[in-house]
Amino acid sequence: MRALPLLVAAALAVLVPRAQDELDRLRAQDARERAVLYVRSGDRLRRLAPGFRSLLADLYWLRTVQYYGAQIAYSKEKKFELLQPLVTITTRLDPRFELAYRYGATFLAEPPPRGAGQPEAAVALLERGARALPDSWRVRQDLGFSHFFYLDDAATASRVLLDASRIPGAPYWLVTLAAELLRRGGERETSRLLWQQIYEQADEAPIKENARMHVLQIEAADTADAIGRAVEEFARQRGRRPASLPELKASGWPDLPLYDPGATPFEYDPATGQVAVSRRSPVWAPGYARRPERSPIRPAPSAAPVTASPQPTAHGR
Amino acid sequence: MAAGRLSRTAAVAMNTYRESVRERVLYNLLFFALLMTLSGLLLRDLSIRQDDRILKDLGLAAIDLFGTVIAIFIGVGLVNKEIDRRSLYPLLAKPLRRSEFVVGKFAGLSLTLLVNVAAMTAGLYFTLAVTRHPLDLHIAKAVACLYLGLLLTVALALFFSAVTSAGLAVVCTISLVLAGRFADVVRNMPEVAPSVPRALARAVYFALPNFANFDLKDRVVHADPISPAYLAWMAVYAVAYGGLLLTGAAAVFARRDLK
Amino acid sequence: MTDPAVELRGLRKAYLVGHLRRRPHAVLHDLDLTVERGEVFGYLGPNGSGKTTTMKILAGLLRADAGTVSVLGRPLGDPAWRHRVGFLPEHPYFYDYLTPREYLDYAGRLFGIPSAERKARSDQLLEQVGLARYGGVAMRRFSKGMLQRLGLAQAMINLPELVFLDEPMSGLDPIGRRMVRDVIAGLKERGATVFFSTHILSDAESLCDRVALLREGRLVKTGRLDEILSAGDHHLEVLVAGIGAPVAESLPGAVGARAIGERWRVELPRGVPLGPVAHAVEAAGGRVLAVQPVRQSLEDYFVSQVDPSREGRKWPLAD
């Protein structure tokens, strides 16, 4: 009778390591974050909170969002210095937090005053996200766009978008976009296409707003270029440049807008014939002014047109 | 004969359950757990997207945390409280075997936990329903797995309760529960610190109760499927380890002189 | 020939005392004891003599170091006899959050008594021990005496053939003590065996058939009560009336003259003849009202055995 409990205990004692081994094996099979797990560079935060990691990731995410909002609203300098560390911690705590990668990358890449102006960090973040979320076409889409916009690398962008398009569930136009990028890499029109896509798909208000702003910037630049061509035409016909934009408008181009989508008048230098978006305008962006234009303006190929009515934004103050 | 064993064990279990219902400590804990779950509603609004992720995380974390607290703090008092108060004396003089007493106590606290965990889960589902999120059966699955982990915690607490005094039992149980939650770190020790002998790390790893086995919260939040094989082995682990603890508790308790 | 109710042979138990080097301190030394069926057995001894240790070994709380114990013919480890036995521990404690009815129900379930019978017996026992009014009150508020009564009730829920009582009268008022005495008498009438330990000797004296006297873990004396006491001194107690103090205090051979109102009581130690005393009383104009043999009290005997230096002096009542 004494022997029975001992036998039972022995049997159970053998079973425990066996079961544990099986569980570990199954976990390794199922889980995709294994690769990211045991980084030696000191994932101390991760080690502190096993079992509650997901919750901590949420809390850090909240901090990130609040931090960004507070910087926008209250900070004079708007450097967003903490944005990268906060997003990094969030995504290390939960490597599959898709929104954190996308939102984080968007505002890391954006130049001040809207973001941290760290496009390389944004790209690195998205690359980590792509590794951790092999099924996410959205992260790869963002990655592709980032390569195109910020690193001026249309070839890589196209390749990434192609990879993304192969993921089950990815939308059909990723392939189209990839092709377009390859064919006309570096064109403003392509950029506008991409931003239009982002605007249409994003559910989150800040990302949507950011995309809209980019589309308006491109439209403004396009319009400035169109006005510039009108100036040239005027000069050819009359032998001199118009003295001002209203004169140009009055003499045969009645549809010419004098104000950009940011409700600021275009700047015109009669000496050189240059038409540009005013620096004071909310839709001024340095990059677009420099892009060379090669084809005539076409209307935006979108079903839901971006509204051109300007809305006051925080940084316009 | 076996029927007698069962009915005596059941009598002890029901009495233990009744004690937990009538001693009001539990209601405070339940209240705080529900509070924690409801605070998810507030936090959710601060997030950029109105998703249910943080609600689920918070709710499951509350169930895990408070369930563990209940398991430990009631568990460590299960046996030695009766010894100290000497309420055990008239019981053991009856045809109640010491092993039946230990198992009965375990069953009683398990029942208490079941009721409390069910209440907390209902609270979580209610919170999700109020915010009009689709009801997710994965949560119930994750809670069921958590519950198995809680049973293991009870077995641990009961073991120390039967073997040593109340104060020491608390310290030992909490230490092992914490260590068990870091079992993964122990397993990977040789990778991080190569001087640690592999065999030792493995031995310690298997000896510790690995609570990560029962933690499927991440899977639930990301709606990952959980393989039936995994669930089966998890149950085996819980029964084996828990059974070992209970057998040990009964054996040690049977030899103990109760002054 | 039925087995004795309880049989202890060579029972030994020692506790380890000290912190660093733990030395054994013997509490029971080679105890030999037999309790026959149907008798009321008193287990007596001063505090610390090992009475409670013996009871705890019988209850299964402690393990003896050596020796054998058999109860109702079965060895100590056999759980079968526990169905036929009841226990009342010293200073019983039950559960604050239960009522007497609930506790008795719990105890009954541990004996495997079916539900309807449990209820019937509970009601009857609560009535018997005087707790019927409090059957549904949580025991949180119970006094020591009330807990004692419940203790007695739970010891009998299984209609035991043998009952162990450790200080059954403790905490009870005179009515309570009378109740316990009635219960024990009732048990005896039913043919049950009662083994009770106490240090209140008057209770033992009035109830027991046989007693055992324990001192420092050793049995000093075991035997029938009347035999033990008859072996002691036999005084005669004489009650007289109609005489004055000088006469009363100088009656031939008499000691301890005490006035009770108008009467006098004197004691005649063993061997002193009655005749001359009666004669002296009548010669002084008084009369002898009553003559009674007075046995040595158990208390006197007890004290003489336990603490010889205090022989003849009254031990302060320890209750």
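A, B and C label the chains in the order they appear, each numbered from 1.
Quick note on the criterion: contacts are C-beta pairs under 8 Å (C-beta built on N, C-alpha and C of every residue); 3 or more make two chains touch, one makes a residue touch a chain.
None of these values were measured; they are calculated from a predicted model.
Enquirer: Would you identify the chain whose Cα-based centre sits farthest away from the centre of subunit C?
Expert: Result for the farthest chain: A.
Enquirer: Which two chains does the highest number of contacting C-beta pairs join?
Expert: Per-pair contact counts point to A-B as the maximum.
Enquirer: Most central chain by CA mean?
Expert: B
Enquirer: Any idea how many Å lie between the Cα centroids of subunit A and subunit C?
Expert: Going by mean C-alpha positions, subunit A sits 92 Å from subunit C.
Enquirer: If you average the Cα atoms of subunit A and of subunit B to get two centres, how far apart are those centres in Å?
Expert: Their C-alpha centroids are separated by 45 Å.
Enquirer: Provide the C-alpha centroid distance between subunit B and subunit C, rounded to the nearest whole angstrom.
Expert: 49
Enquirer: Of all the residues in subunit A, which ones touch at least 2 other chains?
Expert: none
Enquirer: Of all residues in subunit B, which are in touch with two or more distinct other chains?
Expert: none
Enquirer: Where on subunit C is subunit B touching in the complex?
Expert: 56, 59-63, 79-80, 82-83, 85, 87-89, 91-95, 97-98, 106-107, 109-112, 151, 154-155, 158, 164
Enquirer: Quick one: which bits of subunit B touch subunit A in the complex? Just the residue numbers, please.
Expert: Spelled out, the residues of subunit B in touch with subunit A are 43, 46-49, 53-54, 57-58, 61, 64, 181-182, 184-185, 187-188, 191-192, 205-206, 210-213, 215, 217-219, 221-222, 224, 226-227, 229-230, 233-234, 236-237, 240-241, 243-244, 247-248, 250-251.
Enquirer: What part of subunit A is in contact with subunit B in the complex they form?
Expert: 5, 8-9, 12-13, 15-17, 19-20, 22-24, 26-27, 30, 38, 40, 47, 50-55, 58, 61-62, 65-66, 94, 96, 99, 103, 203-206
Enquirer: Which residues of subunit B touch subunit C in their complex?
Expert: 4, 7-8, 11, 15, 18-19, 22-23, 85-97, 255, 257-259
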